[in-house]
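First chain written, first letter: the chains are A, B, C, D and E, and each begins at residue 1.
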Amino acid sequence: GQVTVFAAASMKTALEDVAADWQRQSGHKATLSFAGSSALARQIEAGAPADLYLSANSGWMDRLEEQGLLRSGSRSDLLGNQLVLVGPAGTAPQPLDSTLIDALEGGHLAMALVEAVPAGIYGKAALEYLGLWTDIAPHVAQADNVRAALALVAIGEAPLGIVYATDAQAEPRVDVVAEFPAPSHPPITYPVAILTDSKADTVQAFLDYLKGPVAKKIFLRHGFTEPPQHK
Amino acid sequence: MNLSVSIQHRFAGFTLDASFETPNGVTALFGSSGSGKTTLVNAIAGLLRPDQARVQIGDRLLCDSDQGLCLPPHKRRIGYVFQEGRLFPHLTVRQNLRYGSWVSGRQRDQAGETRVVDMLGIGDLLDRRPGALSGGEKQRVAIGRALLSQPLLLLMDEPLAALDEARKAEILPYLERLRDETDIPILYVSHSVAEVARLATTVVLLGKGKMLKCGPTAQVMSDPALAPAIGLREAGSVLTATVTAHHADGLTELAAAGGQVFLPRIGVPAGGTVRLRIHANDVMLSLGRPGRISALNVLPGKVTSIRSGGGPGAMVQLKAGHDQILARVTKRSATLLGLEPGSEVFAIIKSVSVAQADIGARNQSMAKSDTTT
Amino acid sequence: MNLSVSIQHRFAGFTLDASFETPNGVTALFGSSGSGKTTLVNAIAGLLRPDQARVQIGDRLLCDSDQGLCLPPHKRRIGYVFQEGRLFPHLTVRQNLRYGSWVSGRQRDQAGETRVVDMLGIGDLLDRRPGALSGGEKQRVAIGRALLSQPLLLLMDEPLAALDEARKAEILPYLERLRDETDIPILYVSHSVAEVARLATTVVLLGKGKMLKCGPTAQVMSDPALAPAIGLREAGSVLTATVTAHHADGLTELAAAGGQVFLPRIGVPAGGTVRLRIHANDVMLSLGRPGRISALNVLPGKVTSIRSGGGPGAMVQLKAGHDQILARVTKRSATLLGLEPGSEVFAIIKSVSVAQADIGARNQSMAKSDTTT
Amino acid sequence: MDFLSPEEWTAVALSLRVAIWATLVALPLAIWVAFLLARRDFWGKQLLNGIVHLPLILPPVVTGYLLLLTFGRRAPVGAWLADTLGLVFAFRWTGAALAAGIMGFPLMVRAIRLALETVDPKLEQAAATLGAPRIWVFLTVTLPLILPGIIAGAILGFAKAMGEFGATITFVSNIPGQTQTLPSAIYAFLQVPGGEASALRLVAVSVVIAMAALIGSETLARRATKRVMGA
Amino acid sequence: MDFLSPEEWTAVALSLRVAIWATLVALPLAIWVAFLLARRDFWGKQLLNGIVHLPLILPPVVTGYLLLLTFGRRAPVGAWLADTLGLVFAFRWTGAALAAGIMGFPLMVRAIRLALETVDPKLEQAAATLGAPRIWVFLTVTLPLILPGIIAGAILGFAKAMGEFGATITFVSNIPGQTQTLPSAIYAFLQVPGGEASALRLVAVSVVIAMAALIGSETLARRATKRVMGA
């Protein structure tokens, strides 16, 4: 009756809380394996014994879907998130305009990889939308994932960084100095799906629980939002 | 079992080309530093793959380039005492000694081991590792290790060079016994003429990679032409004599072709045959039979040749019975005595100067193989 | 410059405790395998840090445990020829030879280098690496390397053991010249009595880590009590003689205390003093002056003692002039000749038996330092 | 023990198991390959040498990915091994051991090869003249003489196995109790804002284990060296 | 060249520069440390030994994080170096070289140390009796004799530097043209669905470079060994 969940690493704290709660409710255990969305997707392609895939990136989910690795009809957008600009705690609010580059004071803007990691892709899109990208691109330090970018700001190595609201909320050493408007970037979604090979009888129950109100409350508490409606 | 060797090999700047066939017993490989002795011995052991080679012990063919046959070293059953020890540093002395029987799965010969250990005086070293042994101690262990591997041929590359006289004197008889009591041929590299004369049945003289001479020890040693190659001081002759009696005062009486000879007692029973080595330097010549002197051995003979070079000395060859005796005297003496071929003289040899270390005992079978070559 | 050494050191199972002081020239370190020769030499070179040590060359104190002084090896300026070569495998022979002057930034002595290379016969090897040299070739390079490091003391641990007679005979005179023409003391480990007798001013006899005897060569060598330690065959006496004339037939005439002596020509001018070594085995005794024999050297003398052990031989000590001569004869001869202390005899010594290799030339300063010890 | 959660203890135990197996299984193979590279001449030697070094040259993620493509359940080699030998690597601790072993392999081979190259062939010749066939020469002379090198190789392999992360998480994911090694657990903590303290605890455990192994190996190696050098 | 984009060529050049500097600068230090560990006895030797091995034991991300905490602009050491020597590591290629050097350090030290331990002290003694002071003995005897070990250490360090990813990206991020090494670029491609082919191209470049270095080093090492072994 055990469910194995492959989930994007950035969901660790929230998902662990949810799984613990589910175990308390149902008596069933969910085994959570956290890694980058890409690594997990490749592992699923290679036949990983996962029941549920929770990605931070709809691109990888699309690819699995194309290959018929998802149980049909099980895919849905579970959560949404918001993109924010953060600075070390105490940093004054920063308008998202051409003063941004001065605010770096010669330092770097921390982001996730802008071509590869979702948070970086969204961030680059937003900056392009705001017309700031060309100027600021040489000053961007790209980390291998969004949490690493957050850490750069948290320890003060980068004066500013672009991360998810969920990350900003969890890290006391940073303050949100600006929020990116929703239209400035593609919608941020966390898709979820059951995998074709899944044999666990409780997988549907767990997915239902994830979509249910109790889990949603926990997710929202961690800063996630309802999934964006337009898809 | 005789040993037949034919080896050609080229290094940059050095060519070895030597063929010889030797009867059973000890074959001395003699030659100056760099003349190719170690190279030759390595080729026989299979450690060096020569350009062209044929090596045969008795009827065991070890290697024949023409047939494309070349046994690997471990199948040759050759005990090799290296010029530089080559003890296994990670094994104790005891384990080094037992290595041969261990790796070949042979029954260990405990009695033989005890005998060899005693003979070599390494009983106290058995539990030590080779690293902290003295130079001579290492070499003694190396000799023991080779002896205990039950070889069919023993190669010894200057095995005694690092040892003192007393230790040499202790080990030499054991090598003699090995020669006399077993059928194992020994190829023995040495710079010491005394050792060679004592041990060797046959001498192979190498010079710059070429074989200069191969023959019975007596013949090579008393060849005046080879004296420079061997070393003037070391030239001499080798006689064969039969033991006639052992006297109470510790002397042994022998009959040589040229007459009666006395020696300090030797361990050969009456009737046995021995070889006596006489340094040319140790022979004095007298025109009349000398009177009251301490030398007991006086052999009458006839001068066959006198060779003198640029130095003050002359090498006089005598015939005493059918034996050749070499005597090295000054030109002045030769002149004073009026020596010339045909002169009748007496060779005076101090009995003790035919010293223990120069006596080689031979058993009958060897005497035979010696004369047939 | 004299050498003063006092060293105590313990290994598990072996204790070295030796103190000696030797005059300038060559000091031979003599003793059986495992008696501590290498250990002693290592301690002098500073390679082993002994428990207790004091080493002084002339007035240069190298090491004194009491003062807590201990110079590191590279500051001692000691040339060391090791028992096992220790050539640098990554350098050519030439680079090995020049290593000493290179690392110490000294001016290289090109003439000296050429001379040493010629003397050692290693001219053809200069561009080779040590890996493929023969055993004797390696040792010759090692000797050259030590000589060319311009040392203040030379330590030689069996330097000639791997060499053939001819090569030894070539190198020995150079060591003699080193001894005679320079002020460099040499500590020479050897198992060869002939080498020791020829080279050494002083002999230090070691046994099981203890110093048994230290004294002038002549004295140690002709001490009948030490004959067993030195080896019976090698016992003998050392005489001092003055060159009186060089004759046209290649002989040199000398005056010893006991009379006139002839030798093959030696390179010492008339008036010079030389040391002659006479093997006890090479001396024959005669009651009357012998007649027409080839031996040119007949010294009258008087028997001072006769020592005979369990064997068939007897050691007869004579006084010829004020020199001691040892003669080893058979008991039978001693009885036949009726020898006893006080007997007047003639010692017959073949001139050539006082051979080239046993002649040691000494210059005046050495003769002096010799007599003062 | 309160210091670590049960799940973390599991990760510690798993890491140890993975590292020990990786080292023990890879070692004989490494000795063999080192021997080939040091002593034999054959066609393709440089190729073998290159392949051995690959895990060092490639980013670990790539190695993990290649492993996934080779030893995954759907991959030819993986399927064949599973069918014939019943040996499954994918998403098992065995896979973690495989990844760790492969990542440490070049280190082991180099250390052993270096030791092999300094063994004096004259000693091996001496053994041969005493009647030892090649394999015996190797076992009784060569092997004991290169023991310090083997120990060095083993400890390098073990340390690498304890620290290996990229290839492991890419190949066998990060499934608690099955494939979650210490480094994976540490990584997961670092993905959580404020997870540094938890990560540090695990780092400490990892360091203590590796240091113990290190000191043990030093002692062994010193003993082996002393035996060889004399006294 | 069409095979790689200009940006990718930049990454290749940067990786080469990083690997070469990392190897060259770390090598003398590695020789010194190897010498201390092999030949000297001092208090804290085991500690030094442990520290040297740390980069091997720790997951690379942790190493990168520790580097950030030590050599970052805000970190004490980093600030001091920047102020006094003008040496800045954070977000510079120099930082990538530092990370690569540190990750390869244990491999270098081990190889060199292993070689040092097999040098016959008797040869060093002989050099001393010929008048060579310690440092000369080291330079003229020890160093040439351990050359094969030094070459092995250098090539291991170089290979590792070419492949290092985790510590580098964590420490200096991924700034195209400044800190984007080949492994970072490869990683980025692997994060995107369908990026495998591009990643493979870069892997090929990386492998070719490393193989060339490998074969070069083998040739050098063989020559060095031959010199030492004779002929």
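Please note the rule applied: contacts are C-beta pairs under 8 Å (C-beta built on N, C-alpha and C of every residue); 3 or more make two chains touch, one makes a residue touch a chain.
If you want to know which protein each chain is, UniProt gives these names: B, C = Sulfate/thiosulfate import ATP-binding protein CysA; D, E = Molybdenum transport system permease.
This one's a predicted model, so the numbers in the text were calculated from it and none came from an experiment.
Asker: State which chains count as neighbours of chain A and simultaneously of chain B.
Answerer: D
Asker: Per the contact rule at the top, check every chain pair and give me the one with the most C-beta pairs in contact.
Answerer: B-C
Asker: I'd like to verify one number: the distance from the centre of chain B to the centre of chain E, where each centre is the average of its C-alpha atoms, in whole angstrom.
Answerer: Chain centres of chain B and chain E, defined by C-alpha means, are spaced 60 Å apart.
Asker: What is the distance, in whole Å, between the centres of chain C and chain E, each centre taken as the mean of its C-alpha atoms?
Answerer: The computed centroid separation for chain C versus chain E comes out at 57 Å.
Asker: Measure off the straight-line distance from the CA centroid of chain A to the CA centroid of chain D, and report it in whole Å.
Answerer: A distance of 35 Å separates the two centres.
Asker: Going by the contact rule already set, what residues in chain B reach two or more other chains?
Answerer: Each of 84, 132 in chain B touches at least two other chains.
Asker: Quick check on chain E: which residues sit in contact with 2+ other chains?
Answerer: Residues 65, 187, 190 of chain E each touch two or more of the other chains.
Asker: Give the residues of chain A touching no fewer than two other chains, as numbers and ranges.
Answerer: In chain A, 148, 151 touch at least two other chains.
Asker: Check the chains against each other and report every pair that touches.
Answerer: Per the contact definition above, the touching pairs are A-D, A-E, B-C, B-D, C-E, D-E.
Asker: Please give the residue numbers of chain D that touch chain A in the complex, ascending.
Answerer: 61, 64-65, 68-69, 72-75, 90-91, 169-170, 173-180, 184, 187-188, 190-194
Asker: Considering only the defined contacts, which chain C positions touch chain E in the complex?
Answerer: These residues of chain C touch chain E: 45-47, 72-74, 76-80, 82, 84, 86, 88-90, 99-100, 102-104, 129-132, 145-146, 149.
Asker: Would you mind writing out the residues of chain D in touch with chain E in their complex?
Answerer: 46, 49-50, 53-54, 56-62, 65, 106-107, 110-111, 113-115, 117-118, 148-149, 152, 156, 159-160, 162-166, 183, 186-187, 190, 196, 199, 203, 206-207, 210-211, 214-215, 218, 225
Asker: Which residues of chain A touch chain E in the complex?
Answerer: Against chain E, the touching part of chain A is residues 36, 38, 41, 59-60, 62-63, 107-108, 110, 113, 115-117, 138, 140-144, 148, 151-152, 155-157.
Asker: Where on chain B does chain C make contact in their complex?
Answerer: Touching chain C from chain B are residues 11, 13, 31-34, 37-39, 83-84, 124, 132, 134-137, 140, 157-158, 161-167, 169, 191, 193, 230-231, 233-234, 247, 249-251, 262, 264-265, 281-282, 284-288, 290-296, 311-313, 327-337, 348, 350-353, 355-357.
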